[in-house]
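Note that the chains are named A, B and C in the order they appear, and that numbering of residues resets to 1 at the start of each chain.
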Amino acid sequence: MGAIRFIVKRLILMLPILLGITILTFFISNTIPGDPARLILGPKATPEGIERLREEMGLNDPIYVQYGKYMYGLVQGDFGKSTYSQQAVSEDLKRYFPATFELTLFSMFLTVLIGIPFGIISANKKDKIPDQITRFMALTGVAMPAFWLGIILLLFFYLKIGILPGGGRIDSWVSPPEAITGMYTIDSLLTGNWEALKSSLIHLILPGFTQAAVTIGMITRMTRSSMLEVLRSDYIRTAYAKGGSENRVLYGHALQNGMMPILTLMGMTFGHALGGSVLVESVFSWPGLGRYAVNAINYLDFPAVMGVTILIAVLFITVNLIIDILYHVIDPRLKYE
Amino acid sequence: MFRRLVSSPLTVFGFLVVFILVITALFAPLIATHSPTEVNIVNKLQPPSQEHIFGTDEVGRDIFSRIVHGTRISLKIGFLVVILSFPVGTILGAIAGYFGGIVDQFIMRTTDIFLSFPGIILAMSIAAALGPSIENVLLALVIVWWPWYTRIVRSSVLAIKNAEFIESARALGANPFRILFKEILPNSIAPASIQASLDFGFVILAAAGLSFIGLGAQPPSPEWGAMLSSSREILREAWWAATFPGLAILFTVLGFNLLGDGLRDILDPKQR
Amino acid sequence: MTLLEIKNLKQHFPISKGFLSEKKYVKAVDGVSFTLNKGETLGIVGESGCGKSSLGRSILRLAEPTSGEIKFKGQDILKFNRKQMKNIRKDMQIVFQDPYASLNPRSTIRSILEAPLKIHGIGNREERMKLIESLVEKIGIRKDQLDNYPHEFSGGQRQRIGIARALTLNPDLIIADEPVSALDVSVQSQVLNLFVELQKEFNLSYIFISHDLSVVQHISDRVAVMYLGKIVELAHVDQLYQNPLHPYTKSLLSALPIPDPSQKRERIILEGDLPSPINPPTGCAFHTRCPVATSDCRTETPALREKQFGHWAACIYV
């Protein structure tokens, strides 16, 4: 009962944030210097033509009416029309979103798989050689310009030794799996399309690791400090004193307790990964939201940029909400406040 | 304090990197061996050599000299963004924490909204709206960065606002301004300043990223991110054009991080 | 001559619990009345959490009282505006418990002591320095220590500095909130003696808050005993210590060591915990722990009445 009330309450609390996001993005869209109507019609437009289009586009309405219309569109999933592709932005978002989501999930998977064990090792061997090395690597990861790492990985694995593909989601000679989720790896698993699975996994490797380099660094550092805290506690000393084996104490007891802060911080990390996709995707020609946004920027296609921004923000807070709920499910000590 | 700083090799390394960067930025024209912008087609795509230690790019510009001059741009951005967003965030955080109530609610809900975007995405859309230029990237990063300081400062203010020396100032009839600026802020600014010292690096990284996707510095500016962006065209022929600007970014961010980490360990040993 | 008159003062702190559930209050001070004469010391004792500090803070309007009346020098200061309030603050000061938390760690002693004068625009720099120097001499800090920071002093020294700060504006009333509790016993008596000396020299009135009965006995002219936000007994110090009327006071005093061991006193040990000030017991708030309570105590709220000359108590059975 408590859990459901908690979830409902958190959902309600999300509403003002969503509202705030739309206000902020609306505000940003309205700071575009220059007259959008003039921009659309080009240099040869007549004043009458511009005025007519302004009227049509609602640019002469009072600002709150404009916001109302903007919101009215947004709640129906209408992000406006891309000035470059001349398509509804929502259609574009639908098309590019699964690619970004797949890449982000994969990099988060790598992050957890690599970052958490390294963090634990580092904490357990505090100030010894493995800790020093891990800490330095993690710091380097955090400081890493992912877009550069991507280029260097391409240089080496694609141009130099040629064992990995140079971009895209799947080899051109392999037909993509039947679309279910839109994520190639998952769809090919679901349809048993092993060729597509292999090809799409291979394409994920470089962008996945590039994206993950930074977040692995972050998670390693967080895991280390959170484990250090736990390992210092009496509770762990008791577990050792009772004769628990090192691994059991570390990965059982300690990790369970250290997991809480790591989980919350994973929300932040996820946001970072999402944000990083803008850069990484454009390095690897990964046809996702990030590359779409970068293209849009280059063509001054503002509705498209805003669409990506809003979608990613909503995704980000949704993930944080889910983590928040998980947090409360895992830790029964926390009451549903 | 100095001894503790020196006792950690990583911190010393960070300090050295930052020191070298500052010197490079200050004396860029003296350190650079060539003009950062002069085109010399005959010399294009030269691999690293005595004459051009980092090689030349697609129009024959000396990459080393460009990186040296780029240091100026990057440090300036890092410095300006931190110096502009820090006071804004700090003052708002202090006001929110000290006055509480509806003011606090308003300020904190506003930061919530800003922080519900991944930073680079929000900066990207602001910079895109303002139009591609380095100044607009700077402005966008300031807009994205201040809420972090607000949060940090607010929580440190909350931790001390009921301290007895604050109560005593109120009992003496000090006005809220005096209390905020003379009593509270000096005692609650340390954690945010540590964050700010770490942020120099992250701001530089973000600015380079935005330039990389075409929002910030425009060619032929020797900005590191922009250099990386154009290096992609010649990746096959000139590995050096991509390698060195990226290393410059990496070392800069790493240097600031190591220094910031060291400062934190010294000022706030609990955090370790 | 009456300096301060408190009437039915209440300090209820709202505690918010979600936006739908009903508002609850911590009744930290719940209808306190007393008077304080010029040059007098009123001791206030009671267990931790009974509202002593809250009482002190609301008298100074450091926390805005919920209701009641505070007459200082004949004026109701709760009706004062900001400017009047700032002005009257010169005459009423506070000394805190924790000498480590009561001085700004980033200010020198000089600027800590100068601040009050600056705030009220008193004197020029030179005059202020003169005043500060003569003041620190009185409290036993050397002039050449003025530019040191708080952490360079011992707890006792810091407490002296806290006292000096309260004195800079030459007040009539000082509320001392457990000013010696954090100090070593050896230092305690020195600081207490300082309080006594300064009182004589500046004709100060004290409200002296403490949970230490012997400290209060040493310094007070009259003593008030608080329980859950209310005064349950108020009398001259000798009357109260020799002839306590309220069962709560009796139990408190029974824990004191007796100077004359031939006299025997039975130790009264209270049962149960201090009830929550959010839901105080009905009737007499003490009935849940009172050794002599009857069913009447559960329903009837006893008022603070003058049971003997100058000796007030709130209990229906005395």
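By definition in this document, a contact is a pair of C-beta atoms (placed from the backbone, for glycine too) under 8 Å apart; a residue touches a chain by one contact, two chains touch by 3 or more.
Everything numeric in this text was worked out from a predicted model, so none of it was measured.
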| item | value |
| --- | --- |
| Reaching chain B from chain A through chains that touch each other, fewest steps | 1 |
| Taking each chain's C-alpha mean as its centre, the one farthest from chain C | A |
| Most central chain, Cα average position | B |
| Approximate Å spacing (C-alpha centroids) for the pair chain A, chain B | 22 |
| Rounded Å distance between chain B and chain C, as computed from the means of their C-alpha atoms | 51 |
| Rounded Å distance, chain A centre to chain C centre (Cα mean) | 57 |
| Residues of chain A whose C-beta touches two or more other chains | none |
| Chain C: positions in contact with at least two other chains | none |
| Complex interface listing, chain C residues touching chain B | 57, 60, 62, 85-87, 89-90, 92-94, 96-98, 101-106, 115-116, 119-120, 162, 165, 169 |
| Touching residues on chain A, where the partner in the complex is chain B | 16-17, 20-21, 23-25, 28-29, 31-33, 135-136, 139-140, 142-145, 147-149, 151-152, 154-155, 159, 225, 228, 271-272, 274-276, 278-279, 282-283, 293-294, 296-298, 302, 305-306, 308-309, 312-313, 316-317 |
| List of chain B residues in touch with chain C within their complex | 163-165, 167-175, 178, 182-183, 186-187 |
| Interfacial residue positions of chain B with respect to chain A in the complex | 10, 109-110, 112-114, 116-122, 124-126, 128-132, 201, 205, 208-209, 212-215, 225, 228, 231-232, 235-236, 239, 242-243, 245-246, 249-250, 253-254, 257-258, 261, 271-272 |
